[in-house]
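Chain naming follows the written order as A, B, C and D, and within any one chain the residues start at number 1.
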Amino acid sequence: MFDSIHEECGVFGIYSNVNQNVAATVYYGLYALQHRGQESCGIVVDRDGVFTSHKDIGLVNEVFDHETLAKLGDGNIAVGHVRYGTTGGGSRANCQPIEVHHIKGTMAVAHNGNLTNAAELRSELELKGSIFHTTSDTEIIAYTVTRERLTHPSIEEAISAAMDRLEGSYSLIIMSPMKLIALRDPRGMRPLCYGIRPDGSYIVASESCALAAVGAVFVRDIEPGEIVVFGREGVKSITDHCKKATPALCLFEYIYFARSDSVIDGVSVQEAHLKAGEYLAAEHPVDADIVIGVPDSGIDAALGYSRASGIPYGIGFVKNKYIGRTFISPGQSEREDKVRIKLSPIESAIRGKRVILVDDSIVRGTTSGRIVKLVREAGATEVHVRISSPPFVSPCYYGTDIDSCENLIACHHTCDEIARIIGADSLGYLSLDHACHLAEGAPHCAACFGGGYPTKIPTDTGKNRFECPISR
Amino acid sequence: MFDSIHEECGVFGIYSNVNQNVAATVYYGLYALQHRGQESCGIVVDRDGVFTSHKDIGLVNEVFDHETLAKLGDGNIAVGHVRYGTTGGGSRANCQPIEVHHIKGTMAVAHNGNLTNAAELRSELELKGSIFHTTSDTEIIAYTVTRERLTHPSIEEAISAAMDRLEGSYSLIIMSPMKLIALRDPRGMRPLCYGIRPDGSYIVASESCALAAVGAVFVRDIEPGEIVVFGREGVKSITDHCKKATPALCLFEYIYFARSDSVIDGVSVQEAHLKAGEYLAAEHPVDADIVIGVPDSGIDAALGYSRASGIPYGIGFVKNKYIGRTFISPGQSEREDKVRIKLSPIESAIRGKRVILVDDSIVRGTTSGRIVKLVREAGATEVHVRISSPPFVSPCYYGTDIDSCENLIACHHTCDEIARIIGADSLGYLSLDHACHLAEGAPHCAACFGGGYPTKIPTDTGKNRFECPISR
Amino acid sequence: MFDSIHEECGVFGIYSNVNQNVAATVYYGLYALQHRGQESCGIVVDRDGVFTSHKDIGLVNEVFDHETLAKLGDGNIAVGHVRYGTTGGGSRANCQPIEVHHIKGTMAVAHNGNLTNAAELRSELELKGSIFHTTSDTEIIAYTVTRERLTHPSIEEAISAAMDRLEGSYSLIIMSPMKLIALRDPRGMRPLCYGIRPDGSYIVASESCALAAVGAVFVRDIEPGEIVVFGREGVKSITDHCKKATPALCLFEYIYFARSDSVIDGVSVQEAHLKAGEYLAAEHPVDADIVIGVPDSGIDAALGYSRASGIPYGIGFVKNKYIGRTFISPGQSEREDKVRIKLSPIESAIRGKRVILVDDSIVRGTTSGRIVKLVREAGATEVHVRISSPPFVSPCYYGTDIDSCENLIACHHTCDEIARIIGADSLGYLSLDHACHLAEGAPHCAACFGGGYPTKIPTDTGKNRFECPISR
Amino acid sequence: MFDSIHEECGVFGIYSNVNQNVAATVYYGLYALQHRGQESCGIVVDRDGVFTSHKDIGLVNEVFDHETLAKLGDGNIAVGHVRYGTTGGGSRANCQPIEVHHIKGTMAVAHNGNLTNAAELRSELELKGSIFHTTSDTEIIAYTVTRERLTHPSIEEAISAAMDRLEGSYSLIIMSPMKLIALRDPRGMRPLCYGIRPDGSYIVASESCALAAVGAVFVRDIEPGEIVVFGREGVKSITDHCKKATPALCLFEYIYFARSDSVIDGVSVQEAHLKAGEYLAAEHPVDADIVIGVPDSGIDAALGYSRASGIPYGIGFVKNKYIGRTFISPGQSEREDKVRIKLSPIESAIRGKRVILVDDSIVRGTTSGRIVKLVREAGATEVHVRISSPPFVSPCYYGTDIDSCENLIACHHTCDEIARIIGADSLGYLSLDHACHLAEGAPHCAACFGGGYPTKIPTDTGKNRFECPISR
């Protein structure tokens, strides 16, 4: 139910030695990454060094049709992007991948992440006469790489040099006329992996689910700080260059962003969801008759809770799949209407039962409150809410767009108060400790859950956010 | 996976004693009935005897927006309709509800079902000089009622008389300037029920899920052969009129058409799904590690199978919710592409396991074959397919648009052959006997599963269908 | 400047002995008749007895594109229609040609005109159980013909019999599976003619300009009361049947409706316009420096005035051709804005001159007032307005949709008063006497100019119009 | 009939001291400049230093509606642009005005013209690390101004310095958060003027017709080389700065581009058209019965010819005003169809007469040939074609997009040959000498007519054009 949490995009690229319908491949790949961004999308195709592109506001199936795909034509390299949806904002100028012409040719850049030193870099560039068409970090990255290119013999060396200047999170796919280049920031804060197809073409994507969608076999994740170059000579890895840092993949990927069929840095996302449910059962047990998940966000964790507790798993809701993004409400209360139309409790599964209701988060509390009410109206005798993540208490500076602190219910209320507000008989959050164990292995960034920031953070973000004074 | 099976519509109506935003109520109701028809939809509003309407090809969220809803305005009675989607066919002229002007005023008719004597009635009317604008049964119904109206003092008496002439399946909502009238054919082949809202307005709908969606409390199903009149004087039931018949609600409503949160003629649709899974476990047991359902059609039955067999239930697929109706495939094989993009197996749930895969049907076999292949590629060691309905072997004359016999895999192959064709290690269908026990109570129509036709069937349907010579 | 005067449609048909792209021919023909109706349009194609159609609200170039034209496909007969634009009204159901299915097959009807006994005919039909889908006269005509068809051996005899029942104005093109039939009411109130193409196909159209547009040679006008049948056996004329009447072609066709390159009942429309200007010069001479016409309605008559008076003709306005029907005005005064944006006076042609400004009418006076103001602002020292038609003083019951009497400036004011209201130095209308001489030959209907009604008129039109009490 | 000749745009700006609906004013202004460019358009509004914009491919009435205009909101400065239509080319990225962010703030630039040193400037900028998002000159201009801004204390001084670097034609409107700046290149090759409105706001526009359209009074043309700054302190003119040059306004503005109600550099465009006709009558007299102009391009000149020769002026064509840009032709020969549907000869004006047919140009000859054929088919006994401009013989480097030399009929044939090709009895072009006298006063650029280039021309344009070897 993360209606108010957004991440900044999915990236996808293909490199082939021969011309083929690369636009079609990216198109399919973007479908598989659509959950990472629904505001805008775009594809840039490289055919013999000439770039052709199509980008617009909208979902993949709104922006691309037979005509626009045909216009893109064949090529041997291509890169695509999906961008997240803010309310109101979002102009065409900010659609990605961005394409720029520079002294050595052309370049297309697709970016997932957020720079923490964007303001400094921008001001520095402007002082040298640079003009900006957009307000996005991606243009800053393109400039930084272009400037380094003037003094470096190859695009990958320019990128390596630029990485010493960029701070924050960035998983990038950069297309030059001859090469496709994939890289992750030194902490690997956003995911990126690549695979290979039977025809020998290489696929790079934010998540492994997009490799499968285009018939590619997963090879491996791009390492934090690594640059991987796909070109005529095959695959080249550059690791021994920029300053090193402790890995800090965003924990949120496992909890909310990534699709449950993806595997990131060696961990299955569905396994992480199931494990969250199991931990919840251990941390917050309760006597009940059925465990149901809020679709689709709480389904996996509900099953995990059921497995660990032995309480039967049930299917408690029908989700109306015809409610599109353009749903309009002619009535008084649009939001309330939307929840009611979108989510219908199944009375025969619920009536007369003590229900454990699992979801992945509570943001403002209003939606959760409405769902609890629906479950009670369907005849539940008790409703115990279990949340498969810790409460949000701090802003994110790495690309996750959480509501401002004043709107986050967890910043102002104790767990018991929240239970009362949403009308639950009991409420339990996953502990930060357990959350950090969802994906064993490398350390993660859990800053938004109060786990501390892995980098210096901007002093003036212009975003009117501040670290939440409340801690639990 | 009923890609090739379609039903003929959902109907919805509201009667209120005072003017209010009835169009909004119908709009929400149609959202909840959208699964019954995706080709076209329409709403007619009655304000002080003047009808205003909007209908078009498209989904509810495509046809209605703020402007068209505002144009409909307030009123005290309204009726709406969603129509199913054929490939290619479907013109605007056939959108419902149809509105006609006759000597006593105006009338709007929304119809779910199929007449079996349409050709005779039509020819009889034409011989008297009638002209037809559409090819639909609904216009024949409107004419038949209008002609009876000339010699009967009220619209309900005219309808009662018309029912003696109409044969086949029909659940109708008819709006006259002062009344809303709901009726079901003498066998009750299609569902229809009504409810009441806190403000005293009455709601009629094909399924109870649409009552809940607009805040109405379920009162009861319309009885087979019953006419219910909503008007100034309250609710009036007419039951003692037309010839009686054995009830024969379409069994398919419980297996496929109806939403799992609906209750039809006293039986919960989800319960029927779960029971189908339980029967399947009893009829076709197999040793396995996990039971997974094909989303969304096999989920409930898979859970039923798991509960009855004790084999763990798992979530085996991610369904891409961004694939709209307008999905286009730039590649060679559009259908194959679509399945792959739409349904992604979750490897971590499947790899190394013996999988029981539950779905509600096999039509042509191609889609099922692709899904089995996906599950094997995700690492399943065995794939046992279980189908929660009997095989289709006969055409339907009551409004269900099944593929012609030559395309139905079950008409040409034995169960073992089908298993081989779709690549399954074993295959089991629900038996006709168990299917008939899914919804205890009144007898059902199971003609398409070889259960025999409850009525005389048209001798020449012009549809190039014939009863299948094969039986099992 | 007849912003508020509308006529009811243009009709077009083609008959060929062999299948060809008849839809394309009708499409071009409708472009040439678009000035007769801008609200909706439609084409019905007959291929081997099967009708395919496409109709919608909008201009020809909005309703038809490559896809819809391709869908219509080839055929050997086709009929098309353009319909006039009312404000607000106009639903899809009223788009023409209408198609109906009756006992003998199918029929498509395209109609230009207005019945004066529509209410009687409709009520009579309804008493026999007929239902109506539209509110248009065309459906009444289709019913009347269909009923006669039951007792007559051919469609043309049925039409002939129906003509004895229809009263008012009607130019019709009727398509049956084998024939194309064209007819005009006994007074020939609306135009209709036919031609032949080099390939032997026949073209029927409201105006001769549409024949030229599709490469046909004009053969002759359909005579008042005549039925012309195009079929396998060639062209058949039926004249000796219905009751005769004095011809009464609408005079307005020559003044406003018809295109200046058309020739109707033997008279060139441009010649009529020029003659109107010449008569005006004789009736209302004035000393001036330049004669300019309001584009496009006053151009021809201005040239006629110049030729007769010897005062130089000038081009006084630029008309903005980019103002579409969808022009929106973000400012306060939409109408005023629109005139100013649409019509720009050419100062170099006007400054310092005494101007004679010619237009074809004054309806409410507001637009004329604005144009006079524009001419003065451009530096004219005097503005003398000359109108190439008599003032409207009576409503039309034959298909011309004039503003109601209360809005017609000529119903409430003398000529001098109107001159003052619109700010002109002098004003002169064409006399009724001269108007009746614009097209020599058969007598005309000049009812709207106070010339008397050629038929009985409806006593209750439901249109809130009444004959104007004022006469001059 | 300049189907293949295009000019590069119209610009429009408003400066007001108080916030008002400036977007509406620009919207109206762009309507009046739409003839200068039909490919794309855009508006940028400045409200308290914050820019809001909307631009897209399409005509003004396609790109702007109530919603997009409302989104732009109020402001005190705004700038707009219309861009010409190339076939195929034209992406959203090239829509103007362009907006850029630089070290001193933001800037919007609207440009009409063409730089002749674009390639040099671009390469110079790229060598310093600049990246380009578009392929247009406007981005080069923005960069050049931005770089000068780093070392100059005000935007106008930066512009002045930039003018020393820009070569070619440019009429620019530049909006900074506080000022609106208008300037013309030192030769004044493209027009630009300004006016004032009763509320004290200033309007800048490519042509005076756009001043009138928004209620502004013409003040004066911007002088060649002049910078005019509109701001808090009123109007400031900067003339004493860049290198001077001989004026060279494009002669084509008077012949084709500009609207006939505009006055450019003191000369009325309609007067120039009339004078062209008078010169033609003197240069190429012929005995005939009527002079008709091809609408709309030849109308003014035809009247001039008639006045000078004494041969009566006539209206020979009806132009179909419903043929939009989206006209599609289902037939074989789209171009031929379009001419026939668009232009209908009026037989009653032409039959039996010797016709002088006046148009403004012949490009490829095919369209002219079709028109001559139409006139003959309408019964003309002789057709004498007179062209109100000299033949094109050389490419333009200043923003006029003429067909390449190989397609220009005048590059390959003598006048007599062309007459035979288009089927005329005689043909006469306006002489270069007379053309240069159409607009008395400052010297003009008549390079495309063989009058010599006023500037150095690019050696490699990448446009595959070369000066035509033929001269007459």
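The rule we apply is simple: a residue touches a chain if its C-beta (ideal position, glycine included) is under 8 Å from a C-beta of that chain, and two chains touch if they have at least 3 such contacts.
Small disclaimer: the values here were computed from a predicted structure and weren't measured.
Chemist: Return the chains common to the contact lists of chain B and chain C.
Modeler: Touching chain B and chain C alike: no chains returned.
Chemist: Chain C-chain D contact: same residues or different, taking over half shared as same?
Modeler: same
Chemist: Taking each chain's centre as its mean C-alpha position, how far apart are chain B and chain D in Å?
Modeler: 61
Chemist: Please tell me the distance, in whole Å, between the geometric centres of chain C and chain D computed from their C-alpha atoms.
Modeler: Going by mean C-alpha positions, chain C sits 38 Å from chain D.
Chemist: Roughly how far is chain A from chain D, going centre to centre by Cα mean, in whole Å?
Modeler: Chain centres of chain A and chain D, defined by C-alpha means, are spaced 48 Å apart.
Chemist: Check each residue of chain C and list the ones that touch at least two other chains.
Modeler: Not one residue in chain C touches at least two other chains.
Chemist: Pairwise, which chains touch?
Modeler: A-B, A-D, B-C, C-D
Chemist: Which bits of chain C are touching chain D when the two form their complex?
Modeler: 21, 23-24, 27-28, 31-32, 34-35, 38, 59-61, 64-66, 69-70, 209, 212-213, 215, 259-261, 263, 268, 270-271, 296, 299-300, 303, 307, 312-315, 317-318, 320-324, 326-328, 330-331, 337, 340-341, 344-349
Chemist: Taking the complex as given, what residues does chain A use to touch chain D?
Modeler: Interface residues on the chain A side: 92, 98-103, 123, 126-133, 135, 142-143, 146-147, 150.
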